[in-house]
Amino acid sequence: MSDAVKINVYHLDFSYQGHRILKNVTTQFEENTLTAIVGPSGVGKSTFLTTINRLWETVPLADMKGNVEIKFNGCFHDVYDQSFSLPRLRRSVGMVFQTPNPLPMSIYKNVAFPLKLTGEKDKKLVARNVEKALKRAYLWQEVKDRLTDDANLLSGGQQQRLCIARALVLEPEILLLDEPTSSLDSRAAMVIEELLLTLRPNCTLIVVSHYLDQVSRIADRVIELSDGRFLERPLGNPSQLRVSGLHRT
Amino acid sequence: MIRIYEKLIEKLLLFSAAVSASVTILIFGFLVILGLPIIKGGHFFHLLTEPWSPYDGMYGIYPMVIGTLSIAFLGVLFGFPLSLGCASLISVLGPKPVRRFLKKVVQLMTGIPTVIYGFVGIFLLVPFIRELFQEGSGMCVLSASLMLAVLVSPTMILFFIDSFDQVPKSYLDAVDSIGGSRIQKFLYVILPCAWKGVLTGLILGLGRALGDTLIVLMIAGNTVQVPGSVMDSARSLTSQIALVMAADYESPEFKSIFTCGIVLYLFTTIVVIGVRTLAMTRRRSRP
Amino acid sequence: MNRIFEKLLLCFAWASGIVLVGSIAYIVGYLIFRGFETLNLTLIFGDTKPVDALLLKRQVFEGLFPAIIGTFLLILLSVGWSVPVGLGSGIYLAEYAGKKVKRTLNLFFDILSGIPSIVVGLFGFSVALFLHKHYSENIYPCLLISSLSLAVLVLPYIVRTTQVSLENLSPEMRLTAPALGATKLQNIFYVLIPKSLSGIVSGVILAIGRCAEDTAVIMLTGVVATAGVPRSIFSNYEALPFYIYYISAQYSDPQELLRGYGAAIILLTLCVILLFCAFVIKKQLAYHVLYRI
Amino acid sequence: MKVRTLLVGLAVVYCTLVFGWTVQASDLGLFEGEKGTLKIAGGTAHIPVMKEAAKRIITFNPDIQISIAGGGSGLGIKQVGEGLVDIGNSGRKPNDEEISRYGLQVFKWAVDGVGIAVNPKNPVRSLSKAQVKDIFAGKITSWKQIGGSDKKINVYTRDEASGTRAVFWKKALSKGEISSKAYFVVSNGGMKSAIAQDPNSIGYVSVGYIDNTVAAVSIDGVAPTLENVKEGKYKVARGLYSNTKGEPTGLAKKLIKYLLTPDGQDIVADKGFVPVK
């Protein structure tokens, strides 16, 4: 086991409404890399992401077996262990969803929201962190004069970057992204891609994606999920991937 | 610490849910316990079939049961075609401005206080019925049920519209594509698809009509008799409760109104169970 | 044959629309036509000076002031009782309750919402009487008892609107805050409730409307013909809907009857305004008012 | 200048208030310095007198609160007996059983009659006692049978809690039957307005309530007027009572006392009843 491993997944089985979606999946993710997961829709890519931050537990009729370990402070923790605090897990593992989901609040409040959840009272600190996160998400220039505006007034791409900023404000060590660009036009998608590359040096990223050219541009490693199993894909040009039965969107 | 706090709040929420749900049982409990002596004395069903004549020691509520049922059913009978017509106009048949206007009017009607229907009924409808039929005082089953029809229509209309709107659009597109008119679309597609919803709305309307107090109390005349025709005056269970309110714990009249309460409670339960059963089968059969 | 039938039905639909609008226009028009001339300060304050009445220096006779204040207090108290409990129950139902518990509780609330208001009034009255006999001589039908009974009456409305607006939130919305490390409770209070607030508020407003208009409950639990402005929650009180009922049967001169029309117009206006508010709020106006920094 | 006008104005207002009160205060002085609430319920014939008295008392001393409810004599007696109200009014004397059971104290402050009333459009103004009994029993069903137009008679009656009904039933109908087809109203006021609206109606109402919106009907030639009641010619008469549980105390005592002062008796006469003093 190399030192660089951040996440260990052992014998993961996942079923939803009786259907087995993940079958005995075992894999590793290395620190500060960007891994892309590809595969036909409905095959369980997003579900896999939620097993890492235990978000699937809020979904009724879902069931999971197996283990997920994450390295925090140089030491592996079983995230499904009773003694492991769920909010702590979610705060260290950020997640961004397919459709931008700003909360019904102002732009500023959206980004400050995770800090509010941790009970942070220091307003100056909050303001500093919000600004930092927005800058990391390349949104600061666009919104710094309208922080009190309703977040829903932003464009789709801006909203998605806002959601990334919101996930970044807690400085997570891992960021899960579930098709982050699929609801955006191509220009907005490009901005997000560049953003992800700038995050890579100090964050472990796992991206579910449909866009194979995108994957080939940004990923360090590509995994294909097919029939509940993980297949390593060589990094290559998009056409190679298409041969293996995937479609290009 | 946080976990304890969360648990505490959850318990608090559970507690409030338990309290509010237990009120339902508490009401029934109170009615039964306070009505118990008279129920024991004369058998519950006996009371339902006996006339009301306190001077002769008879506290049956048969006339009121019949009064309630006849006024409510008649009210729904008047209200139902009216509501179905309006609902069809709003959801399919009418031109757009008419639909929007009518829907606004119906929504507005849900906000009109019952007592106002009663008030206007006394001064407008009762004299009108009296002059029209030249019989009785105008305070009769007919007046009350006409007013009730106006009261329950919005409930029914809104529910009908709701169930019409749930008919899958693909069906409607299919009819449109073969050149069906609006009325044909309504008659041959929407109505057959939504009949369970219509039935549910009808039952809800009936429930509302059974439970109304003010209209019946104010314009049905309150005579203690089994109404022989729509021109006869009648008393409903709800009016009976309002009229016999006395503070004496011991008097049999007072206890008898709990029987009325129990009967009304049972009516309600039947209506609710009917609606729920229908809703369940509707969900199952929905495409 | 079929053609004629279809034509007839169409005519019938139009006719019923016209009948409905006509009858409601007639009812409201009649009320306004007969009563609008009474709409002035005398209607509300009688021969008392408005300032004295408002400062509670003088009791108003032959005016609607005590009834308006009574209705107002009644609404305030009943909503005060029912909103916390109703919200709590609604949240529990939508977010915590298991399937079986939910089914049972839903049945209870369905029945509760169907119970005729007069039966709720009877319940309130018997509870008051019970307490009077076995607990304290000082408890009798009064403002407190009325407001508690009304709270029972409107409770299912609040529970139901809270539950439904929470349940209607999209699954994505539900996942957002947990993904950021929110606990269940934080998710509920920081995201789910604010997001469904417009639905909840409009439910509360409809409940207010119900409190304002209900007559059957209060006529058994402490409303009286003459009481003045209530000084405590243990007093009797007057209320607009009861005043209308009372006048309709007992007016002794045309002047008094006219006050009844006046009261009816005021109550109608109040209820329509409340309904209107509920609509506007449902249209997400609350959104902009409530979520700025 | 303006200030002076204002001051003068205030002084005038002050004087009128002070002197106005002292002049009026002759019998209302009873309520000087009193405080608290008084709850009254029961007989509906009493309501106009009670309202007027309450109005005067509260105008004199705004610290007092008086609530007045109807409900009928039976309700008044029961509620005062159960301690739900301070004064329970009744339009009949409480019977011995009620008095002993609740320990009621009975105060009579007016005499009233119960008169038969019809709609003013109806030409019938006189009936024999036998006719009255037959009408209310439902044996005479058309106005034609007793000299009116060819219309059905609409009989109006009161509920069982009513003292007016009890008195009328005993003294005018000799405890005869009341038709089950009769319409029910809940108060004297309600009876009056129902009869005023329905041209074919007949009912019975407190003499104090009879005015030009309804027409009084003589029984055996004696009209239900205040004079006839006073002189004892009109037999369907009764007292108006206020009852308390045990010896009245506080405000209840003072209100009953006030009703029996000249001022109080003036109100009684003014509202169409016969004073007892």
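All chains are identified by letter, namely A, B, C and D, in their written order; residue positions are counted from 1 within each chain.
Rule of thumb we're sticking to: a contact is a pair of C-beta atoms (placed from the backbone, for glycine too) under 8 Å apart; a residue touches a chain by one contact, two chains touch by 3 or more.
Keep in mind the model is a prediction, meaning the values are calculated, not measured.
Taking each chain's centre as the mean of its C-alpha atoms, the one that lies farthest from the centre of subunit C is A.
Looking at contacts between chains, the pair that accounts for the most C-beta pairs is B-C. If you average the Cα atoms of subunit B and of subunit C, the two centres end up 18 Å apart.
For the pair subunit B and subunit D, the distance between C-alpha centroids works out to 37 Å. If you average the Cα atoms of subunit A and of subunit B, the two centres end up 53 Å apart. Under the contact definition stated at the top, the residues of subunit C that touch 2 or more other chains are 129, 133, 183, 249.
Shown for subunit D are the residues that touch two or more other chains, namely 82, 84, 185-186, 194. Contact with two or more other chains is made by residues 87 of subunit A. Per the contact rule defined earlier, chains pair up in contact as A-C, B-C, B-D, C-D. The touching residues of subunit A, when paired with subunit C in their complex, are 53, 55, 58-59, 86-91, 94-95, 97, 99, 101, 103-106, 108-109, 113-114, 116-118, 147-148, 150, 166-167, 170. Those residues of subunit C whose C-beta lies close enough to touch subunit B in the complex are 6, 9-10, 12-17, 19-21, 23-24, 26-28, 30-31, 34, 84-89, 91-93, 96-97, 104-105, 107-112, 114-123, 125-127, 129-130, 133, 152, 155, 159, 183-185, 209, 212-216, 219-220, 241-242, 244-245, 248-249, 260, 264, 267-268, 271-272, 274-275, 279.
The touching residues of subunit B, counted against subunit D in their complex, run 54-55, 126-127, 130, 134-139, 221-225, 232-233, 235, 243-249, 251, 253.
Per the touch definition, subunit D reaches subunit B in the complex via residues 71, 74-75, 78-79, 81-82, 84, 151-152, 154, 156, 159-161, 180-186, 194, 197-198, 200-201. On the subunit C side of its complex with subunit A, the touching residues are 171-183, 186, 190-191, 194-195, 287-288, 291-293.
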